[in-house]
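Following this line, the structures themselves.
The following pair of complexes shares a single chain, chain A, combined with chain B in the former and chain C in the latter.
Moving on to the complex of A and B:
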């Protein structure tokens, strides 16, 4: 494995990790922009723009984009989150030039008026579809309750009203501000020639504008002790999210936080699994650690029969009290480490997995982390560090939101 | 990459492909048994037995199986099909001894009476759950219509009646007949020591009984020109399957058949995509090639609004007539090859992918196929070979089954 980094004159960063034994190459364009970078008037613009990127350029129609990717057998896609918009493709090494040509071209989209209006309908359908998914609704509501006026509470999809009101000109202005050289990292992993890649990226992206794309509102989110019930008809189960503070994406304690989440609420063999899922009290109960720029959170989710919800919330409350008081055991720590090490290795086995890890690491930390760096960081997690996570980010103040058939619930004491 | 093969005295085959640069190891136990090996009285026993394998042994309770896998961070699972029951796990190389210990142990399950009755409820729930999925129901009905009295028409899940009537003794008898040495292949891929693996397998599996486990009814399925409509309430869309003959799993034409299916009905950029999905006439329309021991079939599936179904069936009929008359173009062939080569490479990148490919190749062909063997076989597909597939297995006689709101449909001419 060899790592390389280069910065173009316009500020665009190019990073690459070469694995000579790989038989494919994964390429990703990481734009450091997402829902948290939107003002409320343009809520949903990052995600809508991600769709528009596939709708064509001066050189390609939407059909050409699709056919050109298919002609080289590319496995390609994109996603938008609160903080990132990422476009990527995995191809055989001989098709890297074509893949760069397509990806770089579509990252300068035409944003044609007729495509914009057509795609707006698709986005509105996507919003309607998500509104049919109670777990997702509960998540979006809970995020708003927890983050309140913090920009991480912004919805990635936006609302029907904000998307309907959005104009092509607003999207163009957002694009011009955010899709500038210094705000974009190109990450490559697998089998490729570094000098050749540099030349290609320089040729296709060297003339992209530079400029500053500062992120506002980078600050810890305040812990929040709230309790909300959102009645929803035509839903069978009750869906509950509990959100509490956790370390940020660049915090030294982030690996310990990840291990703690696994001990408490991994989908197999965790405290919640044995207390709630295994005895059949809940369909699912898990904890995951989400790290962001400037803050982080533990997301606990629970899905169960409505009549069981009150009791399950008490059980959850008991689990949090117990871990807060007594921490975790050495045996639990050892077992969680085995799991997490195995997952890191398996996620790194494909160029696609390494490309994602490289791009995220550069975006959040501005540095390279090899798979072994990650493994060592997880191996170095101690009981003391987990204690430190609990002390700094206690499971005491939690924003709780339940969505489902229930009209009311008592906050467990 | 180095390949090894060894056969134990009881007939159990062990195969392994070593990839020194891999950071994990995947292990699979491939039992050559499935729904096609069941008589109607025990329909569903293969799949039910797969579940029971995780319910414990003289050395382990069901809980121990779960905990022991988790302690080594294993990514483990199993599946049952018409022809195979496969148990597998991916682990870090240092945990290979424990993984073999667990997998080999559970492959000699206790089949305890109380576990059997408890798991029967889980299986019945699984059957009920699948019956809620119209696409799956259409598939199961279509398979029965096409295969008729051929054993490949047997349902993998079985019916509520057959599962309810199944006894522990019938399952034990099926296990004793089918889970014998010569009917099992252990496949390993990734980073491991071959001599060490052999010793482990010999220690844990060397005393397993031998014996013959012949497969009955290995023969081509007759093409069948049938047309059936199954009205189903509470379903919004019409779900249609069309099944027609194709090459068998060991046929030299199988790679050409795979490429032909891709040109006709891949999920992006295929003839069906442009004729039905892209213009919005159907939600989905695709063709896939299923190869079995002794026979094969093309499965064409279509999902669309009920009122559009009649017209879509005519369009499909037109597409099949056209390909039957004119074959495919050199450009289509070149593009499909790019796609398929890229998919083969990406599927082979993880030990898990290679282990699956190795086990299946050994089970069906009794020989080793490297990733490069597969790539060469796809590269060698010509227009002439595709013509040969069409001539030997014409899209003329097709079993068509539609399930959804419609009460009747005309067979398109």
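Moving on to the complex of A and C:
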């Protein structure tokens, strides 16, 4: 595997990892912008803009964009999170020039008024779709409770009111500020020619404006200790989220945090699996580690029958207390490492998986990390490092939010 | 590098399939056991799901925890699922750990402990699974669609009901295992960096002396079809539609697949363009193809806010029917490109290949070489697709909606 990096004069970064035996090439445009970069007046603009990028340019109508991608058999999409907006496509190697032509073109969208009003209706449908998903609603509420006025508490979708009030001009202004050369990384993985790719990107993106797109409010989240019940009588199961502090995306302890989350709440053989799912007390219980710029958090989620919820919360409380006091065992650590090894290797076998990893690593760390670097970092996790994660980010202060048929719950002691 | 596909059917009826993939470090295992939920006794529906959860709770020398730990120590990511006709056991890890994983899977499939004390927790999970379905409207509308569209028991939901789950006993789980697990009709497929002679010998040693009958013949009832509505207070109405297509292996199969791709292949396809892009009626709209050995269908789905649901249903139905009026060469060119790239990209995923080996074998009794699939895709034409749709127009439709109010049925 060979890695390359180049920076265009306007500050846009291009990175690529070549794997000659791959059958495809994956390309991604990583724009370092998302819900946390929005002021409340434009809540939801990053995600809405992601949709508008597919609605065409001076050279392409919305239908042209879709048909041009389809014509080369591309596997393409985009996503928006709190911190990133990513546009990507995987294609057969012979179609790389066309894929770059389309992706680079659509990243300078026309934002036509008519398309803007039409797509607004699609966004409102997407908001309605998530409203019908209780686990997602619980997540969104919990995030607000935990992050409070920290920018990471901003909703990616925005609200019906904020999306309805958005204007084309506000979106254009946001685009002009955020979609500048130094704020974009193009990542490629799989089977491609580096020089050829470089020329293509330079040709299509070399004239993009440069400029600064600083991110405000990069700081640790205070993390509220809160307990909230949101009654929804039409929901059947109780859906609970618990959020607590964790290391940030650039913290050396992030691999240890990942392993700790796995030991506590992976879907097989974790402490929560044995304590809650295996005995049939909950239909799911898991922990995941989310790392952001400047902060991080552990998200614990639980879904169970309403009448079981109070007891399950006490069980969770007990598990957190126990791990906080005694840490994890050497056996648990070894076991988690063998799971990680297999998962990292398998995810890296597809160019799409490698491209995502490359792009994220460059966006957050400004450096290349090979698959072996990642494997070594996981291999280097020790019991001591896990202890350090627990000491620095204790499972003590937690935001707990339950959404479902229950009207009240007691905070477990 | 040409594909390296291997096959062996043992005397007891078990089929082993493998594909050697030189460019990967991992491998995936796939066991297809003809013991799906259609074989559950009428008064104990949910039994296959319960068995599939019980079977990993201890096998051979290992109890539940030891078994799980052994698989985790080998880095096996895994999943057990119950379909209409099959139970599927899937596991993937580094290729060097596959022989050890196979030893454990042989215990699971042949020597499960099915411990009595595990039934209550497993039943509690099954009841929650049923309860959780109520919070997943999209899955719920599909359950109701299948129940109406396919003749029972093919359209049955594997989850059963609280009443059928309550009837299940440790003895009935054991009996169902003995009746439905055996080598006949079972397909084991492995894809990745494997060593074929060693794999074949190991599977022969582990499963060669297993004896047992295959799945019994199914007696099908008459399908319900028609219109259905599930009333629920929701923000969006869920719309699901099914109509007959030709099964996998039929001479018109690729044309049928082509027709579905024109409808829903990429974002430039008809449903996405007409329903979402031009009219902005919804976020999610798609069509897909589902097959059994002797019958198949096109499934279509849209989710939209309640006051726009009628229009969404009408437009979707118009698009399904309009296909017979013509398809452009441009559209077929896009379909060919999409299918071609998905076939090639499948070669990058050991689990996709392990799955494809097993399904080819189940439906066709052979594994299609990539060249054959590519030739069929290259041969697709607009005329062929239109001729297929004219011969098999959308008819005998089943339409199910879920939301606060039923919709009018003028357009069918």
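As a working rule, the second predicted complex is superposed on the first by the 413 of 413 C-alpha atoms of A that agree within 3 Å, B and C clash if a C-alpha of one lies under 4 Å from a C-alpha of the other, contacts with A are read in each partner's own complex, and residues count from 1 in each chain.
We adopt the following convention: a residue touches a chain if its C-beta (ideal position, glycine included) is under 8 Å from a C-beta of that chain, and two chains touch if they have at least 3 such contacts.
Remember, it's a predicted structure, so these values are computed and weren't measured experimentally.
A.B. asks: Give one word, clash or fit, describing how chain B and chain C relate on chain A after superposing.
C.D. replies: clash
A.B. asks: Which partner chains sit in contact with A:128 here, chain B, chain C, both or neither? Use first/second/both/neither.
C.D. replies: Only chain C; A:128 stays clear of chain B.
A.B. asks: If you stack the two complexes on chain A, which partner ends up touching A:236: first (chain B), second (chain C), both, or neither?
C.D. replies: So A:236 only meets chain C here.
A.B. asks: On the A-aligned overlay, A:281 touches which partner chain: chain B = first, chain C = second, or both, or neither?
C.D. replies: A:281 sits against chain C, while chain B stays out of touch.
A.B. asks: When the two structures are laid over each other on chain A, which of chain B and chain C touches more residues of chain A?
C.D. replies: Of chain B and chain C, the partner in contact with more residues of chain A is C.
A.B. asks: With the two complexes superposed on chain A, say which partner A:24 touches: chain B (first), chain C (second), both, or neither.
C.D. replies: both
A.B. asks: Taking the superposition on A as described, I'd like to know which of chain B and chain C A:118 touches: first, second, both or neither.
C.D. replies: second
A.B. asks: Of the partners chain B and chain C, which touch A:338 in the superposed model: first, second, both, neither?
C.D. replies: A:338 sits against chain B and chain C alike.
A.B. asks: Please write out, lowest number first, the residues of chain A touched by both chain B and chain C across the two complexes.
C.D. replies: Shared contact residues on chain A: 21-24, 66-67, 70-75, 90-92, 268-269, 335, 338-339, 341-343, 345-346, 349-351.
A.B. asks: Under the definition above, what is the set of chain C residues touching chain A in their complex?
C.D. replies: Residues in contact with chain A: 22-26, 64-65, 68-69, 71-78, 92-94, 97, 120-125, 127-129, 131-132, 134-137, 232-236, 265-269, 272-273, 276-277, 280-284, 303-305, 330, 333-334, 337-342, 344-345, 347-350.
A.B. asks: Can you name the residues of chain A that touch chain C in the complex?
C.D. replies: Those in contact with chain C are residues 21-24, 54, 62-63, 66-67, 69-76, 90-92, 118-119, 121-122, 124-126, 128-129, 131-135, 234-237, 239, 268-269, 274, 277-283, 303-305, 334-335, 338-339, 341-343, 345-346, 349-351.
A.B. asks: Give every residue of chain B touching chain A within the complex, in rising order.
C.D. replies: 19, 21-24, 66-67, 70-75, 90-92, 95, 268-269, 335, 338-343, 345-346, 348-352, 371
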